[in-house]
Structure formats: C-alpha cells, structure tokens
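Each chain carries a letter (A, B, C, D and E) given by its place in the written order, and its residues are counted from 1.
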Amino acid sequence: MKKLATLATAAALLASFSVAKEIKIGAVMPMSGPLAAYGQVTYEGIELANELQPTLKNGDTVKLVLVDNKGDKVETSTATTRLISADGVVGILGALTSSNTAAVIAVAEKKKIPVIASVATNDKLTAKREFANRVCFMDSFQGEVIANYAISQGYKTAAVISDQAQVYSLGLAKAFEKAFTKAGGKITKEVKVTSGDKDFKAVVAQVKSANPDFMFLPLYHPEASLIARQSKDIGLNKPMFSGDGVANQTMIDLGGDAIEGYMFTDFFDYSAPPTQASKDFIAAYEKKTGKKEMNSFTALGADTYNVMLAAMNKCADPTDSVCINKEIKNTKNFEGVSGVLNIDESGNASRSAVIKEFKNGKMVYKTTVNP
Amino acid sequence: MILKVDKVTKNFGGVTAIKETSFSVAPKEIYGLIGPNGAGKTTMFNIITGNYEASEGEVFFRNETLHGLKPHQIVRRGVARTFQNIRLFKSMSVLDNVLIGFDFQARYSFAESILRLPRFFGEEKRIRAKAMEILKYLGIEKFAEHKATDLSYGQQRKVEIARALATNPELLLLDEPAAGMNPAETKELADLIYKAREDFDLTVLLIEHDMKFVNQLCDRVLVLDYGKSIFEGKPSDAIKDPEVVAAYLGDFIHD
Amino acid sequence: MDFLTFMQQMVNGFSLGSMYALIAIGYTMVYGVLRLINFAHGDIMMVGAFLGYFGIAVLDLPFAAAALLAVVGSATLGMLTDKIAYKPLRNAPKISLLITAIGISFFLENAFNVFFGGVPRAFPVPDYMSHILNLGGLVFSVSSLLVPIVTLILLGGILWVLFKTKYGMAIRALAFDVNTVNLMGIDANRIIMIVFGMGSALAAVGGVFWALNYPTVEPMMGVLIGLKAFAAAVVGGIGSVTGAVLGGFIIGFTEVVVIAFMPELGGYKDAFAFVFLILVLLFKPTGILGYDFEKSRF
Amino acid sequence: MGFIIKKDQWINLAIVAATLWFIWFAQTHLDEYTVRILNNIAIFIILAVSYNLINGVTGQFSLEPNGFVAIGAYVAALLLLDADAKEYQYDIESPYPWVLALQANFVWALFFAGTFSALLALALSFPVFRVRGDYLAIVTLGFGFIIRILAINNPEITNGSLGLNDIPEFSNLYWTGGVALLAVIAILNIVDSKFGRAMKAIRDDEDAAIAMGVNTFKIKTMAFCTSAFLEGVGGGLLAALLTSISPDLFTFFLTFQLLIIIVLGGLGSTTGAIIGTVLVMGGSEWMRFLDEPMNIFGIVETPAMPGMRMVVFSIILIFVMLFAREGIMGKRELKDLFKKKRGES
Amino acid sequence: MISVKNLHVYYGLIEAVKGIDFEVKEGQIVSLIGSNGAGKTSTLAALLNSVKKTGEVNFSGFDTINHKTHTLVQRGLALVPEGRRIFINLSVEENLRMGAFNNDENYERLREVMYTIFPRVKEKRNQMAGTLSGGEQQMLAISRALMCEPKLLMLDEPSLGLAPKIVGEVFETIVKLKEEGITILLVEQNAFAALKISDYAYVLENGKIAMQGIAKDMIGDDTIRQKYLGG
C-alpha cells in the first residue's frame, strides 16, 4: 500500500513537470430520471465543445467532470458540493431546469464559483446573485418577441396553453401575456396542462370553442406536438406559436403533418448557422454523430463551455474563479455556437432570437429579432 | 348475574347467525357454549367483546349495557378473551406478550416515555413484576425472555391465557381452549381453569367441542344450533338430551 | 357545452380509459395471485411500447408483426421477472417482494435510459392508424377507435380463460390459497408465471396503443401511466379483472371530463385519479367490485 | 429495557458521546463534500427512523412521507424567508399577504414544520385508518401525490413549480446530526415503552391487540403523528440545507427511497433504518464512479455511461432482497446483538 | 405403499421431526396420532417434499426425494390438508375440477362417483364452496383429493373444529373409502376416534415415535388409554 502511494506521488510529480496543468470544469446535468432526455442532449454539446477545445491558451488541459443529479434537488446540491470541494472545479455548467439550477447556484454562490446555465430562462434566476450567468435569453424577452410578432401579424385574441409543472412554461406564458395585453391584444383562453400528459383532446376542444386568432403554446415538444396533432384531429387550425422548447427534430418526428406552419422562437437554427463557430461546430457534430440536425440545447450546452473557456483564457490565473466570473460577465460580441452573445453585469445574456416555422418536416428560418 | 345476554339476534346480510338468544352467567360460574359448527358460538363471543354489533338485543355486563362500547373499552371493563387458533404476538417475547395486557394499566404518558421520567420507570417496574407473577402462576416464567412462537403448543396456550389474565378480567371468554391438545394437556388445562377461577375470582365462558372437557369443567352449558338455543342446563343432562344428540353429538363416539 | 362536444368527450374518455384498463388488468391479476403491487408493471408496458418501436423503426417490420413482437417480448420479460425476482421470494415477507418490484422498475427505467437514451422517440404510426374518422361530427383516429374494441375483446378473452378453463380456475384458486393449489398436483409457480405472461402481454398491447395515440416512446413513460392504471385497478376492486376494466374507464372518464367541464381544475388532473381512489376506498374499502382478501382468506 | 440492565446505560451514554464527538469532528475537520453527504445522511436518518415507526414498528404500510416532508419543508421555508425575499421571488403569482407575514426563527420554524405535519397526520388518520394493509398504502400514496399537485397549483403560497429559493442556510451538522440523535433516542424510547409494545402488537396481530384492551386507533394515530412530526422537522432541515425547494423534490421517488432504506436495513429495526440510510445515501454517492469512463483491468476502456449507477443500484437492491429477505438487521436492534453474544457466552 | 426411514424435518434451526420410521401398507388405514406440535403435520409436509427434510421416503417403489409437491401428487399421493382449505371462491364443482387438474379424461366419471359417495356435495354443486358448512367442506375436501385417483390418501386432522356428530360422519366416510380399496394415512389428535377405525397406529411425541402397534390392541391397552386417550 505504502509503495503504491509513493508510486502515485511520484507519477503525479512527474506529470506536473512534464505536462501542463489540468483544470476541471464541472457539469451538473440530469442524465437519468425524468429529465434525462434534455440533460443528455445538452451535455452532448458540452462534451463536444470540450473535445474540440480541450486546452487553454497557456496549454493547460481542461477536464470536464460530469455529475448526474437525476433531476433531483438533494442530488443537485450534493453533486455541486462535490464538484467544488472534492474535484476543485473552477466553474460549473448546468443544471438544465431553472429550479435545479437555482440549487446549483445556491451552493456555488457561497464558494464564489461561477455557474453558467444553458437553458434556464426564468427571469429571477440570476437576480441578487453574483456568480450566476447564462447563455440563453430570459422568458420575458422571448415572450415579448412572440407577442410583438403576433400583433404585427394582426392577431388580436390569443389562447395560451401552459405547463404548470414547468417553470419555463409558466414564466414564458406570463411574459407573453403581459407583452401581448400591453400591445393591445386580448387573452381569451388560458389552459394549464401538466408535462407527461398525453391526452389533450379536452383541452383543444375548449380552445376551439373559444375561437382565438392565435394559439400560444409555451411547452416542450412532447406536449406541443400532441396538442398540434390533436388540434388537427378536431379541425382546429389556428396559427400556433411556441418558445424554444419545441425547437428540435423530435418535434418534427412527433408532429408530422400536424405541425405544418407551426412557428416558434429559437436561439439557433442548425440550417442557418449564425457564426463561423456554429459552422465548425455543426461540422464536428455531424462528423461525430453522423447527423446534421443539431438541437439548440446542444448548441447552448456548447456555448456554456465556450464562454467559460474564453473567460478562463482572459484571466492570468485560469483557476481564479472570481476573475473567471468577472470575465464571463464581460463577454461581449462573443461568437458562440448558438449565435452572438453578450453577457451583462447581472449575468444575463443579451442575444438574438430567431423566429422559425416548421415546413415540410424541416425548421425554416423566418426572421431574426434582436434585443 | 355478571353477564346477561338479552334476546340477541345477529344477521349477516340475509343470513341469521344468532336468533333471539338469551342467557345469563353468574359470578364465578364456568359456563359452556357448545353446538355444531356455524351454530353462532364464535359470533356470540364477538358480540360480547364488541367486535360485532348485535342486530337486535343487548348484552349487559355487571348490569351495565355494553352497547356502543368499542372492543378495547369492553376489555378495560373486565372482559378478556382468547382466540380459537392461538394468536400471540409473533415477534415479541413471552413477557412482552403479557405486558400488552397491562397496556392500559400502566399509567404514564407518551411524553414521559420519550423523556424517560421517573414515573415511566416506576410503572414499568410495577407491571413487569405483575406480569412475572402471572407467568409464575402458570409455571412458564422461565420462558419470559423467549420468543412466544418458539414455545410448544401447550405453553403457547398458557401464554395466551396469561395475556388475558393480565388485563385483570372478571369475565374470561375462552374459544376452544382445548383444541389441539392431547388428553393429558387437556386435563392440565381444565385444572388450571378451575384453579384460576378461585385465585382470580373469574367467571368463565367457554366454547368447546371436547365434551369430556366440558363435562368435567362446566357448571352449565348452552347448546346452540343454527343460531338458536336448544338446551340450557347441566352438561351431564345435555349429553342425554335427544335433541342435543341429534343436532350435535351424534352417535359415533359416546364415552 | 353542446351535446356533440359532450359525446366527443365521452369517446375520448372511453379511449383513454381503455388504455388504463389494459394495464390495470395486469396489476389486478398479479395482485390477485401474489398480493404484490407490481410496481414494475408500468415499465413492462414501456418495454412493450419500445419493442413496438424497434420492430417498426429498426427491424422494418409491418405494424402487426411489430405489435406481435411487443406482446411476445413483454410477456417473456414479465415471466422472466417473475422467475428471477419474485419466485425466489414466494415465502418471504410481502414487503421484500415489493422492494424487488421497485428494483425491477428502477432497473428497466435506468437500463433503457443508459442504453437507448432518454430522448423521446417518435413512434412511427402507420398511416391507416392515424387516419381520422368523422362520424356525424365525432372525430377520432382509427387507433383511438380500435383501443376500446380491442380492450373489450381482450377482456372477453381473459374472462373466458378465467371462468371457463381449468387454468383460469387454478388462477382464481391461487388467489386464495397457493399451497393447496400445489396439493391438486398443479405447479402453482407455472400458473403464476402464466399470470405474469398474460398481464404483461396486455400491458404491451396497452403500451403499443399508447404509442399509437400519443406517438412517443421514452424510458420513463410507464411511471405515471402505471401509477394511474394501478389506481384504476384499486378503484375497480383489486383482484377483479372486470373491476380493473371498469376502474380504467372511470379514471379515464374522470380525467377527460374534469378538464372538459372544469378547465380551471386542469392542473389537478393527475390528482383526480387519486382523489377518486381515496373516496371510493373510504366508502367501499375493497373497491367497487373487489372482495376483502384479508377477511375472506378464511 | 434500559432500566433493568444497568450495564446498558453506560454503553448508551458512550454511543451518544461518540456521536456528538463525531458530529463536532466532522463539522470542523472534514471537507465540505463529506459534510454535505453527512448532512444528507443525518436528515435521511430522521426521515427513515420516523417512517420506520409507522411502517416497520406499527406495521401500517403507508407510503406518505414525501407528503409530510414537503409540508415540513414548505412551512419551514415560508417561516424562514423574510417578507422581502418572498415578495421578490414569487414569480408566477403574487403571494397572499399572510404568506408574506409568516416569520419565525429556526427553532420555531422546525417546530412548526413538525407540528403542522403532525396536525395534518392527525386529521388524515381518521379516514386513512379506516382501511388496512395494501389499501392503506394506496391511499397514503395518493395523499403524497396530492400534496405535490397542491404545491404546484397554489403558486400564491408555494411559488408553484419554481419553488422557494434563498432560504437561509441554517442547517449544519450540529443541527441535522443533533436532531437526528434526538429523533433516534426519542424513537427508541417510544419503541421501548408500552406505546412501542402496543405498536408492535398491532403489527403482529391487530385483533389480538384489541382483545388486550389496546386502543389500536389511538396507538396507530400516535405513531402516524409522531412519524409525521419528525418527517416535517426533517423536511424543514432539508429546506434549510438545500436553501432551495420545489415540488419536484417531493415525488414518490422520495418515498420509495425511504422505503428501500428501511426494508434494506430491516423493517421494524431502528438500527436497521440507520444502517440502511448510510448504505443507500453513502452508497449512491460512492457509486458515482460507475457513471464515469472506466478502465477494466487496463484492457477495456468503457465509455462514460451516466445513469449506470442507478442500473447497478437497482441490481444490487434486487440481489440484497433475494438473499437477505428480512433486511440486514431483521427486526433486531443494536442491543439485541450484544445480548445474543452475552447469552451465548 | 409408502415406507419412511429416518425422517428428519427442519424449520430453520428447529428440528420438528427427529428421525422417524413408519410404513403404510396397501389397503390399510394407518394413523399418526399425537398432540399439536408433535410433528404430525410436518411429517405429512415432508412426505410431499414441501419442507426441508432428510431421510428416505419410498412411495410404491420410487424415491420421492427429488420431486416437487405437485409431481408427487400427480404420482398418486394426495393430501386433505388441515383446516380443509377448499377454494371458497370457486363453486363446489370447480373445486372438484381442480382436484382433477391432471386427470382430464376421467374427470366426468370421477365427478359422478363422488356425487354418489357424497350426495350432499352433489346437492350443492353449483354453490360457492365458501357457503358450505364445516362438515360439507370436509366432504368436499376429501372428494377433491380423490379426484386425482390417488394411490395413497392422506388426511390431516379431519376432525379438527368439527362437532362430534360431524366427526362421526367424517370417520364413517373414511372407513367407507377404505372399503372402496383406498389406502389411507390418517393424522389425528383425536386419538380415540382415529384408533377406532385404524388398522395400525403410530404415536408421535416431540418429533419421535413414542409407540406403535395394531390399533385395536392399543385401545385395549390400559396404559395407553391412560396416557394418550384420556382414560
């Protein structure tokens, strides 16, 4: 035993001389449990970004440490503590949903370790926090974009179907309603569903009887696609609009013909890469997975890593978390995979949104909205 | 009369298990309830103990009605019972089994037990001593720390009786106490019941098929058939009664 | 709400309820013979749906063949779980059995998650199944019309087996007394295995229908559906197959009707199955068509 | 039987002293990750031993702890958050004025968390104990489920699915470990009293217990309320440890986890519940290496398989149940192990 | 018919049967008597291999050691269990059908035979078995066991919990079955009644055979009367 330990110490010493330092970045993601689907897709981007850029400017290697939180808060807190205290990470990426990300931030804030969230869009997430950052836009921005678009198309009344079990959905619904009413529109029907629901026949029947100009569905693709299908089944053919939650291939597979003309906002569109970084990343993605249809969660995941890496590169000591955090908040015109990013003092990203629609089984770019 | 069953009827759905049956048991009497299966004997027990509610009629214990009382309240008034197939608390020691009988006699509160206040220790000591006394009386004190189910059948019966005695009863209901015992054990049990009646001032009401046992022990018997009483009187007269023979005893074994 | 909408809701409820019913039958039968709340049953349904998906999307089988694969595969899996995880525990405390059931459930969910990923996959629905029918204003897809029909046919089949064949008698006999069934010269373990096979096959049918109507398959899909189907089995009276179907319909109708008539309570939809369940149990502690196992055992 | 065998007293005292020393040592000397795990374990010990009281000792197969833990966590969180913090974070709906007014210090917050849970348990026991056995399990499972749905659907109180954040972090090992120690002592004292005996009697044979004059409804309710009280307190500690709670924390997976813990440890054994907690909570952290890439004997390099640890966990769970069907401790306690040794010598 | 050598039965660490030898000859009624806990039921369970045991059990020429209960029943070893254990949620006729589970071809014939032997069972054939009285249930349990045409019929405490009159009827039935040529192993704690109808008897005490002999002689023996028959 003693001998082994000596050997190990020797090896470690050797390594520190011959190779550059290894710096760890943590990722807390739901890789199993009910949220596994999204966690896995997001982590794909983080992992690939790490493979593409495994080293810092100064030659130090960046090692990703992934911990699975099963989508559970106790595990999230424990995992975050482990990353900081046992693995000594300099920054953390994750943890998908706003409520779990809040648990990550709660632990990291005390330890002054920066967190970059990929898709946690809840407005309140970063407020009053010093070390919380994100690369996605906030619900309020997205809601505004959609409301303004709807008004510009001449829609006066809207029905909103939101998912009460998802913070994302409720936040987005609220932001939309606020912006839409302010711009002179009227919400004529509000229905709440629960993620995991499969049967929306009753819901769409209600919407049909309310007869709105426009349907807003701030949902994820499993529910949105079913609602689209089931709406079509009963002859409800109103324009439908969703947030970024539906922007993926599965939505197309699931929705089929029923989502023809269905619109949504997104961070990013693989068919229209906004930056050179996007193009390169998509090429690498295709090479690795054999498919081109990259989810925007994957792009955002990659950007959390890239922003973190860029911030580390800007610091004299790439392990100085406070400096990294400062530099993250100093991200200006960053060419990310998902688009051009600016991160402000409060850690929120200001970035463009794109409006797209589903056409012939593809996501087609319609327009870009800048903040 | 310590127990008075007054015109009790019990219906289960459409079936009448007991029909207008009345009887009384005098203090310190040993009274037998016999009859074929399904005659309503165990049902009668369950009505007295409050497990069933009589459809009609009433049961009086020490001239007070038991109507509306919960089973555990009836036990606390002094009516204890044993079960047809022994039902000891399997995971507990013999002593703990008997201590359950003292449950309502130990006077300390939940808070006192959590905080281990002096009264807890005092009361526990008191009921343990009493429980050991009962075990000694029945000659099974050396098994006090044994798991109840590790004992032999006869000893388990004794534990069950000890447990019933622990509730400090005036009336003891025994449901087929001799079932599954050999003649020697049966005789020992009869002696025990006889003796316990004197030492604990007990009145005993029992169900039994073993006519020899009944004959030996009971002062009076009531024969039930299809929920109706067909005979009440001395057991020696019962076995000569033609109706009882026809309904219950048959002519296969007579000695 | 006009009559047509009302009828439409009824049809929807019938269709949804049928799927719960198909899954509930498996719960009720296994509970009947083993007194086991088979928490893995919902996951067997998930496997059934996945097998259907693999059959069509990977093996390129026609729908009917894929469905057959799902049914046979799930039945085999059901019997296998019995053999590996439940049979060795026949004489163990019931709670140990329950924990292994939870273990099997976790295993299936997580193994599918690790090996096939958690991302929902679109179930390739054949065109003739998603064809929309319009009968005097009532609209539904072929598949949602097919569910209740198949359910009732299968219910008839199960009842025939249970009440007209000697194997069915043995299953009913098992519900009360395992050891005595052995004394009849019957291998009780084999009968129990048949029960698992039948229940799992029905769950697979339910799973495939679920995938047809709400065309996704993912590893966690069995959790909530399974729980609600179990609630359905208890509402109907656990141990009774007809009760399970009845319970399935009741839960299905409740869900649909509540949202249709009281949309503001939509958020409580998932809770309704349980509120209903609690109410039924308080007034009839054994469910609508159930009997008291603890009492009638002897 | 603490008072008969006086010799046991000093053993008990020694165990308490050792525990207290360990809590101090861990809090001051160990790294934060370990302390965090110990905090989790301490809280789950509270939950497990109290759940074991109703489920194992009293034999009432209930599946409700997620509900009571949720109640406790929300009550404590609402009391600990000041009005500003509340007003600020309610996102979906504005909070009711009385929600803003709630305020208490940590001790009272825990006390109310427990009391509120216990009162709810008291109210629930009237309908719940009308049914027995597996039906009881289903009814209580439904209750836990409904509590969570209520939390999601009443954003004016609970902030809906976003949950409550910025809860002051009061919990540390002194609190969690201290409360766990008190909970274990209280439970052991209850089990080793006439109340505990009556609970066990109900588990073994309810009808026979009634025939001994035991008021079974009262005893069951007592066990249920005690259990709910401690689960509520545990929930409060959890809220003050995580500083962030939301309804998705209280799914029936939490109940299943506790059920696994107490059955694995030996249903009915408090010692077993503690051992089970340490094994399950500690083990599932330890098994994280399974999610990572592995080098098997230097021959095969397996890719990272996140989620693998849950697969392995479920397999281990099945195997343990197959080979130790009564759990690790059976119904025995620590002192029974000593006793046996003494008896043999 | 069946011969048993050095049979031990264990429940965990407890030894319930401690090395007994006995045999049942074709066409006889043989009784195992003794009080509760003497090891009678354990012995029967051991014959059917449903408990852990050691020793040799030879049933009409073949060793039962590696067979499961249900195959032994198929081979002609039938048991009427203690407490009758009829399937109360099945009809009377379905109970008989269960008895003939592996005897499809003879089911209808045997059913009629049973109906002749037990006319009261026939009367109630369409009722749920749970509605039968204790005596009727015992008759049904016996006829159910006979449906597989056993070579050896074992009865476990057929008199338990029955009124004396019914006990008489049950024992008369057992004698009738013997006359039909069925070999019977009777386990009873009602020693007197059992000895009255048996050819040969063994007395079990604490898992050991305390005494054996021709039943008639045993009834006549005063010491036995004193000790086991209660005077």
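Just so we're on the same page, a residue touches a chain if its C-beta (ideal position, glycine included) is under 8 Å from a C-beta of that chain, and two chains touch if they have at least 3 such contacts.
Predicted model, so just to flag it, every value in this text is computed and none were measured.
Least step count on the touch graph, chain B to chain C: 2.
Separation of chain A from chain E in touch steps, taking the shortest path, is 2.
The chain pair C-E and the chain pair C-D differ in C-beta contact count, and the higher one is C-D.
Using the mean of the Cα atoms as each chain's centre, the chain most removed from chain D is E. Centroid distances from chain B, each centroid being the mean of CA atoms, peak for A. Mean C-alpha position of chain A lies 72 Å from that of chain B. The centroid of the Cα atoms in chain B and the matching centroid in chain E are 31 Å apart. One simple way to say how far apart two chains are is to compare their mean CA positions; for chain A and chain D this gives 34 Å. Centre to centre, using the average C-alpha position, chain B and chain D are separated by 42 Å.
Chain D has residues 152-153, 306-307, 310 in contact with two or more other chains.
For chain A, residues that reach two or more other chains under the stated contact definition are 31-32, 36, 40, 164, 194.
Here the touching chains pair up as A-C, A-D, B-D, B-E, C-D, C-E. By the touch rule above, chain B contacts chain E in their complex via residues 35-38, 84, 150, 152-154, 176, 179-187, 209, 211-212, 247-253, 255. Those residues of chain E lying in contact with chain B across their complex are 14, 34-37, 133-135, 160-169, 171-172, 189, 191-193, 196, 227-231. Those residues of chain D that touch chain C in the complex are listed here as 61, 127, 130-135, 137-139, 141-143, 145-146, 149-150, 152-153, 252, 256, 259-260, 263-264, 267, 305-308, 310-311, 313-315, 317-318, 321-322, 325-327. Residues of chain C touching chain E in their complex: 166, 169-170, 172-173, 175-177, 179-188, 291, 296, 298.
Residues of chain C touching chain A in their complex: 5, 8-9, 12, 16, 110, 113-114, 117-122, 130, 132, 139-141, 210, 213-216, 218-220, 223-224, 255-257, 259-260, 263, 266-267, 269-270.
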